[in-house]
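The chains carry the letters A, B, C and D, assigned in the order they are written, with residues numbered from 1 in each.
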């Protein structure tokens, strides 16, 4: 879908340096699934030129609203943060291949690091619906640099009680969310869903046994967002050894099976 | 109002094509653009054998521009013919295959393979890609080697042959004259400008391939100048491109001498850019009582 | 923290200079910038006799860029020496005079006239101006004629000689090697890219002179690439320019191989651009514990 | 003067397609004189790149406010029109050489065409102060495409009763303001002040006898605004014949003696 004039309903700084954007877009809300992203123009002029890929944080299908949680990381997202309710946003999406949803009763772990956790909220709300609220089998792990950047209350509001880790120890476990996961999770889960910065995904990949299925979302610079420009490549395994082919994050991902990736 | 143009034997229902490498193999944007409405689809650079392309990062954003070093990732000519052309044949639009090789023979063999291939309306010969180690821009930087490639292609196919030229030369008009004499039916200009970006945090080039090709609105003035100069030097038609994002941009190219235009980087910014460019041209013609788009070609020289 | 650099014998207290033609003859921006804080002031292109320059319009805005066709308007070398240099001598800043001629002899005579002139720290030899009918870019487009000009200048002055090169060539490294051998002490790169714009209402080129030189952020990737290539080809220092508007931009040039940088078009957008660029460099050095700016020169090649 | 962060107090559409911008800038208000301009950045990004020259419409020295009246003519001014009170504007100025003010009692004519009339309001308010309100000797002529674009009420508010002309005849004389001026002004004035589109200045130049002093403001594309780039040239007479030199509108103008210009 492509709409140059998507109305902005809200755009508030919800954590230091992080904004929650609410868009009025029934079409996108209906079509979206967790792990997919929107490709957003942050400027109406030719600078910055490219769209910015931003994950869908959640979709309210009833009200036709789509949410994005983003960090003002650079020029594009800074311009986005300056937009106000009533302004119009040029948006393509939902794009990409998201997470494979679990069947009810399966035990899953959901692990998010920093702003990378954004798409996991959409996933958690879908899991909640699928599991009809019986969430014993869902373990949520959240990490952040510091307590005020943890998305713990948002998670709790969905009915999950997350395990938390912060780099500075202000809240929860002091250290990385992967260390916390390893410490906590003696028992095996059927599937892991993860999203976060590359070092986090790397240590997760090292920590996992070969038979656990894990789906992770990766990031790469994007041009088109639809598979046409071939810019957003990441290496995926081709056979057993070091052989690889290039997958395109915008179309083949952004969610990949962790076993397929090189770290 | 006539919008139909003829680029070296390729009949286009209107003067708006897609630029190679920015529109995939046709399918990717088909959810956003009705391919039947395009003047032509020029598909991604195709080589004899499949190519992986360059390591990431492959693009970097620059002021009003884009650096890319894709490195001609493509599934190879066989797969293009077998797996991708059938999709495009469903549409009423001429398909132009952009071909690239390491050697003069590669180009000739590609031309041979695609000759008389149903669904191929013409060949765009990429002697101007800055992102590959062999061939590419090396051929296009010198009038003689450029002509050699075009002669080889010309001898191997009866399809219309469009030579795609590099702006990274002292005289693009000299290269244009040389390939025109070698038998090119038309010219595409411009391919990307050689550029680079450096990440001051890592103190390293941003692109995996170090240098890349600059495209997008930033290069438009250079592209327009190339079209202007080449229009004065040769008689064969020009497919103009480089930063076109609006009807006004396209009209500037047409007035400078382009018989048709291609939209490249702008597709990434606006997936309906081709259609918006076409509409802009139509609106201008209507407002200014232009009955035939061909009357505007080269108008700024008069 | 050492910011001092030496560009071919010109000692600069920091690596930030002004680009010729964008900072007038020094006085125009003196209300906005303390000239004492600059690494060097490079003044407007100067010819033997006064020049009127080209008809209006002389500039056109392009995406993140500027086309200009000033045509070397200047009061002539005598007036520059008599009327304008005295003002600049009040400041503690090296003044570099940009010189341009129609013939090899013109350049030599300009060099002679400015030799041992109090208040002139060096000459920047403009063999790359795209906006004049004779001389200018014609010299800079060919390694041999470029070398001829530089040899003439070299023989006529004991001042440091900086050759200013054009990016509108197939190989800027080849021109750089040639002028280095001819005796240039340093290189300035880049001058503007040849470009144009067309007004679709009048169907005519926008600029009075038809074509013009493209500068500003749009050209930065091309300029960086030129600096990168030339740094690998020659040993003499490089004054890098082309779209620099921030400390980060300047650091990219320095890491690509520039020993110092010049700020051009950005002055028009931000009259304090030179000082902001300098501050940006200082901040980066502080944050990253860089004690000597010279340690960063060419860092991206290592 | 140069201030990246001049506060916008107001920015309202006061006539169709025309905005009145009020800036908080005591320094500029103090320094400004009629006919001078500000050099304004309409964008914080690199596109559009250049500043836009806009005349000072009036300066309220007491409150430290500067006004600009502008037409949304293209991309830059359209971006400007989108700005809101509280936004910050990057402004250089006052720049250029303005009008030479008359001595009290001299009879003057002030002629403005379209948005070109903008700088004349500042001039009129200075004249009012100089003449201590005794305005018998000041004749004001205003022209516009149509009635709603006439700046008549603004002029009247200063105490002047303008003669008006419109292209479509909706208000006042039907025709050009210069024709109106010629029709009306039998008696000679000591000095004319004019501002408007090139055709208007051209017909004024033709209508004038050789001994009337007229000062007119001209427009040209600008880069630096301070005389450094040499882009904003207009031909001015050098001797009697067709000989000329180039003057720089930003520094030598924008106000020139009409006798010096070529039309």
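A few comments on the model shown:
Keep in mind that, in the parts below, a residue touches a chain if its C-beta (ideal position, glycine included) is under 8 Å from a C-beta of that chain, and two chains touch if they have at least 3 such contacts.
Since the structure is predicted, the reported quantities are computational estimates derived from the model, not experimental observations.
Here the chain-to-chain distance from chain A to chain D, counted in touching steps, is 1.
Of the two interfaces, A-B and A-C, the higher number of touching C-beta pairs belongs to A-B. In terms of their C-alpha centroids, the spacing between chain A and chain B amounts to 36 Å. The geometric centre of chain B is 34 Å away from that of chain C, both derived from CA atoms. Averaged C-alpha coordinates give centres for chain B and chain D that are 47 Å from one another. The multi-chain contact residues of chain A, meaning those touching 2 or more other chains, are 46-48.
Multi-chain contact residues of chain B (touching two or more other chains) are listed as 62-65, 216-217. The touch graph of these protein chains is complete, with an edge between every pair of chains. Partner chain A is touched in their complex by these residues of chain B: 21-24, 28-29, 31-32, 44, 52-53, 55-66, 68, 70, 73, 216-217, 245, 265, 267-272.
The part of chain D that touches chain A in the complex is made up of residues 43, 45-48, 75, 79. Within the complex formed with chain C, the chain B residues making contact are 62-65, 67, 141-142, 168-170, 193-198, 200, 203-205, 210-212, 214, 216-222, 224-225, 228, 243, 248, 251-252, 255-256, 284, 296, 299-300, 302. Residues 2, 4, 41, 46-51, 90, 92, 220-234, 245-246, 251 of chain A are the ones touching chain B in the complex. On chain D, the positions that touch chain B within their shared complex are 46-47.
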